[in-house]
Amino acid sequence: MQTLKFGLIGTGYMGKAHAIALRAAPTVFQLPAQPVCELLAEVDGELASSKARELGFARATGDWKALISDPEVDVVDVCSPNYLHKEMALAAIAAGKHVYAEKPLALSAADALEMVEAAEQAGVKTLVGFNYIRNPATQLAREIVASGEIGELIHFRGRHNEDYLSDPELPHGWRTRRGTAGAGALGDVGSHILNMAEYLTGQRVTEVFGQLQTVISRRPHADGSGGTGEVENDDQAQALLRFDSGLIGNVEASRVAVGRKMGLAYTLTGTKGAILFDQERMSELQLYQSEGPKGRRGFRTLLMGPEHPDYAAFSPAAGHGLGYNDQKVIEIRDLVEGIVMGRPLYPDFREAWRVNGMIEAIERSHIEGRWARVVA
Amino acid sequence: MQTLKFGLIGTGYMGKAHAIALRAAPTVFQLPAQPVCELLAEVDGELASSKARELGFARATGDWKALISDPEVDVVDVCSPNYLHKEMALAAIAAGKHVYAEKPLALSAADALEMVEAAEQAGVKTLVGFNYIRNPATQLAREIVASGEIGELIHFRGRHNEDYLSDPELPHGWRTRRGTAGAGALGDVGSHILNMAEYLTGQRVTEVFGQLQTVISRRPHADGSGGTGEVENDDQAQALLRFDSGLIGNVEASRVAVGRKMGLAYTLTGTKGAILFDQERMSELQLYQSEGPKGRRGFRTLLMGPEHPDYAAFSPAAGHGLGYNDQKVIEIRDLVEGIVMGRPLYPDFREAWRVNGMIEAIERSHIEGRWARVVA
Amino acid sequence: MQTLKFGLIGTGYMGKAHAIALRAAPTVFQLPAQPVCELLAEVDGELASSKARELGFARATGDWKALISDPEVDVVDVCSPNYLHKEMALAAIAAGKHVYAEKPLALSAADALEMVEAAEQAGVKTLVGFNYIRNPATQLAREIVASGEIGELIHFRGRHNEDYLSDPELPHGWRTRRGTAGAGALGDVGSHILNMAEYLTGQRVTEVFGQLQTVISRRPHADGSGGTGEVENDDQAQALLRFDSGLIGNVEASRVAVGRKMGLAYTLTGTKGAILFDQERMSELQLYQSEGPKGRRGFRTLLMGPEHPDYAAFSPAAGHGLGYNDQKVIEIRDLVEGIVMGRPLYPDFREAWRVNGMIEAIERSHIEGRWARVVA
Amino acid sequence: MQTLKFGLIGTGYMGKAHAIALRAAPTVFQLPAQPVCELLAEVDGELASSKARELGFARATGDWKALISDPEVDVVDVCSPNYLHKEMALAAIAAGKHVYAEKPLALSAADALEMVEAAEQAGVKTLVGFNYIRNPATQLAREIVASGEIGELIHFRGRHNEDYLSDPELPHGWRTRRGTAGAGALGDVGSHILNMAEYLTGQRVTEVFGQLQTVISRRPHADGSGGTGEVENDDQAQALLRFDSGLIGNVEASRVAVGRKMGLAYTLTGTKGAILFDQERMSELQLYQSEGPKGRRGFRTLLMGPEHPDYAAFSPAAGHGLGYNDQKVIEIRDLVEGIVMGRPLYPDFREAWRVNGMIEAIERSHIEGRWARVVA
């Protein structure tokens, strides 16, 4: 059987999730090629070796450039902090490798576009890890919208709020610096809901009006020196949206939303129904349809089951529940199939560039106090 | 015992709710005066008489001006369509009556201000029926915010979405015409959430950025002639908010939000906790506090009980549940006490003028495409 | 207009709820007679007078027998502790009065039967205050079951659990003594769910197997003397049920179920659907139907609205929510209509006797360790 | 690194779940030995080969006895229908292999005991797949109970209801025959909740009173011949429970509970708090504690996170959600650690024998109409 050899750069939060998914994917799905955990790169050789053992990679290196140039590696899997995505991806593309990168793709739309163009010229495949769109419930939401079951969309409400930086005593990290993270909550979690706004509606966001705020303006230095430094990007953001069809909507993103752990949620309102979803209850979709006798209408809780997208591969029985990592398994399936079978991948770098475009438009409109066009 | 004689104008939806509450209030609460259902006005004498019998009013008239000039009437209770509020209230004030009016107060902020000034010059008491703020759960939310239990507020999200005009076959009525309703969803249900934004936070909305949309642009004429006419105000509206303290937030209002029946909901996020509320589950408040061991934190469902504001008067036992009309009972209690004991009433005409001010600022910003100051 | 004059005995929890409902009922509904709050009896004349003023009764007496013999009183409304129901009801019946009594009807099935027979011989109307069956959501559940929308019933699960006696420091009261309350949780809250089991299913419980437990076996004396006395009835009870049709089910009752405030809940499972209900969310019914595509099935949250039983009288708009006291308003409507129009009342003394019969069968089976037939 | 070689018998529902978990476990957890998917047995060699490829097993056989005698196999993983568990497990034990078996362990308590004794004499390790107890939320519930955070337990309510056989047109299969399944719903899903009753409370069920019912008494023959045959075991069961400490409780099990997909749920009531759980929302636990001001008490929704048992291995961020298969990953971790490090395994065959004992006692009490002691 054909293999697809992965080189993983970075073993934090996302690196481990990728490793778990690479292991599970070929058992869950019938894949056209066997993904192989070939080579792992970390900041030094010792950590790399230890992580390779832990995560089941065959080889390790302390030099990510060596990983990229390694002839055995087919796919470069970029799980590093945001500011490294560009350099690594461009190097991988230059080496003719397919690139699987975490989100947001880049620190700026200009950087993202450079990556898009490089990838397209090189003819390599790219995929960006907006994994929540793989959740069967969200795939189902998209299907319901596309099928017209809730009529024509008239409103989209989305949010991705978490509280991981709500403690003011948490020190600076790469996420709180402009130069390493780009936008703050808007880029980190907001990128998910902005991509999802287009994914779910099947429409393009054309104009935005945004408002950003850094709630905790200074944080302790990471070195424990006792001083504090300015937080350089947003803690919370909100925006009104205009889509190309005339649809309107709004989004929120926050990293200081006390109490919210996985607060990605959306409401899709159509002329004949509505959909509610909350990722904290990731295996449920609420569906309302203006059908049947009025006294029997209501939001219906659909528990995901084998009738829904990609669920049956995990369990033949409804209601048994998928987890966060299962979304990554589906993402790996899409990636492997896309590469081996030459299918288009979604969201590829070009699509992810749009997300950077939306982020920048929200920031621009915040500064200018007026609607901003999404350039992407 | 002292009495307070009510003259009710209008017996639609709200008129009946007022009548029920006037009956129940003196048994639920120990009032300083006995409210009396004295006189009822409707568009003609016959309907007035029939409604007076039905709603338990002592006398009836087909002429609202007669009601206002009736020497027995202490309080004029204005439950007519929006466009009649001003004329009726000004007449009542001129006759030296206290005025209890439904919301929104007026078709424009200028009209509202005229009413404010007349009432204040005449020295009569006024109260506007933003009844949802009487719900014990919402009173509790305000208490929790004011007490600092969730720290300092950093975000307010509010919506009041319903679907009462989501059917495009529903014909025109006074609500769909600029001249009779003023703003559409924004004025009708949006006025509730805008008032509540200030009530809950204890802060003033100073600037807004709004977006309005008429989703169903034409509706059948009310006369059944078969033609259609243009809908003159918004079906849905959304806005970003700036409060005087620097707090930010957003609101939505809709009359075409398919599936939402009583979709008034809010999220208050503070630096140390958060509150969630949904009027469709009106006797519950969700409270999160960043206290205690991390593994034991979560949103707590507080069922209203005798420890909470105004609940004990309805039932000595927790969790037994209040209903929509019970909110009006509390409103009547506040009105009677305010008049008899000379207490300030909230929200009075001046406070309701602010709501008209916010509505107009949202409309203005929608047209101008930039932040608009709330003038009120 | 015809009047129906009420004499209320007892002004605790239930007495006030009755008074509120008597006031509100004629405004909510178009009644065939005007209920009048005529006479109120309490343990002494002073308290009676004070309560009459508070609750809006025209006259007061410190002697309940005087109330019963009062020629103006048409309906005797018994809101006294359980152990007084029998004597008062029999006296009222002897005086030819209609009797409206709180639940459980009597301390024993034998007492209840004596009351049934007296009432039926005298030809007076009787109604027992199992008010939760008036909730529109529960009326709707019964309609759905009766209509066959969920097929043939195969299982009933019911519970009424509260925590009002969960604190072991709470002293004895009439509820904890056999001679004043009869059964404990089983009689107090269990009586509701037992009546509801028959109401909802439209079937008779024929045999039961029960288990009772007094969790807090001793409580402080009520006189504050510092000593403790034995609790004489059950704190929690559970039973398996057999209905006449072959349907099976189970019930729970508790007064020590920590965390439950209004924990009346049921699940009705049929061959083609199911219903879930929880009185803590009293304006919602969850309905599942085995219809339509499998991927679109789920429990639907029906928010009560004007399409549902008795809701429209309270509000023309769906989702606005009824409260606990509104159930009593519906009960009063049924009572007044039943008396004036000569309609059968449900649940009358005979029906309430069945509840006493079920309670005793549960107690008997607990002692004997085997199924017990319901004698009633 | 040490390896532990697995031989899997049966590749239905559970077989695939085991295979996925065997793949993922060493990446999720740091295991003391590497589980290897060595050999797979199915009913014939062709199917076995195909399934081995699909599920990632190195070798395949059409003869389960060959698997058991294969010298490379360390652990025999029994995922066959219930009636084969005994023969296969005894053979594996005789061959000195550790045994990992699906539930219920055996068709009867006597069979289970025979298996217990064989395993204990042979000194092999055994584990039975009651996987729901591995869910971090349920592990947390047990910890909370054991810690006394909700005081002393006074009531346990459990159910495991599904609707997988609610369609009367579904034909016979091994689950509907006494000789191949043993008990029906009681054995299949009921075994989970009975084991969980003891796991959560830390107490033993000593006596039970049960009621069983076959709702759909005849089903089509599996061969499509058009005739029907009698269903030989229960579709639904319910029982009252007595635990050794005096604690009482009840359980339900159903395979015809229309609308319930993964209806394993429990309520644990203590003297100072309560816990609610529903596997359909498997990453949430509801916790009530009688602490703090009364007006701030309520059921708290704990979203599983890294502070809770075993969660951190899957994700460092709270609320991200585990799925059904993740429970099996934890089970594999426990199995591997137990075998390699010589730790006791829970639930082993002896513990699973108790479940068969409870099932039989429920069946016996149903027939005899009285309490039955659990013999195990």
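Letters A, B, C and D name the chains as they come in the text, with residue numbers starting at 1 for each one.
The working rule: a residue touches a chain if its C-beta (ideal position, glycine included) is under 8 Å from a C-beta of that chain, and two chains touch if they have at least 3 such contacts.
The chain list, named the UniProt way, goes like this: A, B, C, D = Gfo/Idh/MocA family oxidoreductase.
Predicted, not measured: the structure shown is a model, and the values here were computed from it.
Taking B-C and B-D together, the chain pair joined by more C-beta contacts is B-C. By residue number, over half of the contacts seen at A-D repeat in one listed pair from A-C, B-C or A-B, namely B-C.
Put simply, the C-alpha centre of chain B and that of chain D have 54 angstrom between them.
Chain C and chain D have Cα centroids lying 41 Å from one another.
Averaging C-alpha coordinates per chain places the centre of chain B 35 Å away from that of chain C. Within chain B, the positions touching two or more other chains are listed as 260, 297, 299, 303, 305.
Listed in rising order, the residues of chain C touching chain D in the complex are 150-151, 154-155, 157, 166, 168, 209, 211, 213, 215, 236, 238-240, 242, 248, 250, 252, 254, 256-260, 269-274, 288, 290, 297, 299, 369-371. Contact residues of chain C toward chain B in the complex are 13, 16-17, 19-20, 23-24, 26-28, 30, 54-56, 162, 164, 260-263, 279-284, 303, 305, 314-326.
Chain D contributes residues 140, 287, 293-303, 305, 307-308 to its touches with chain B in the complex.
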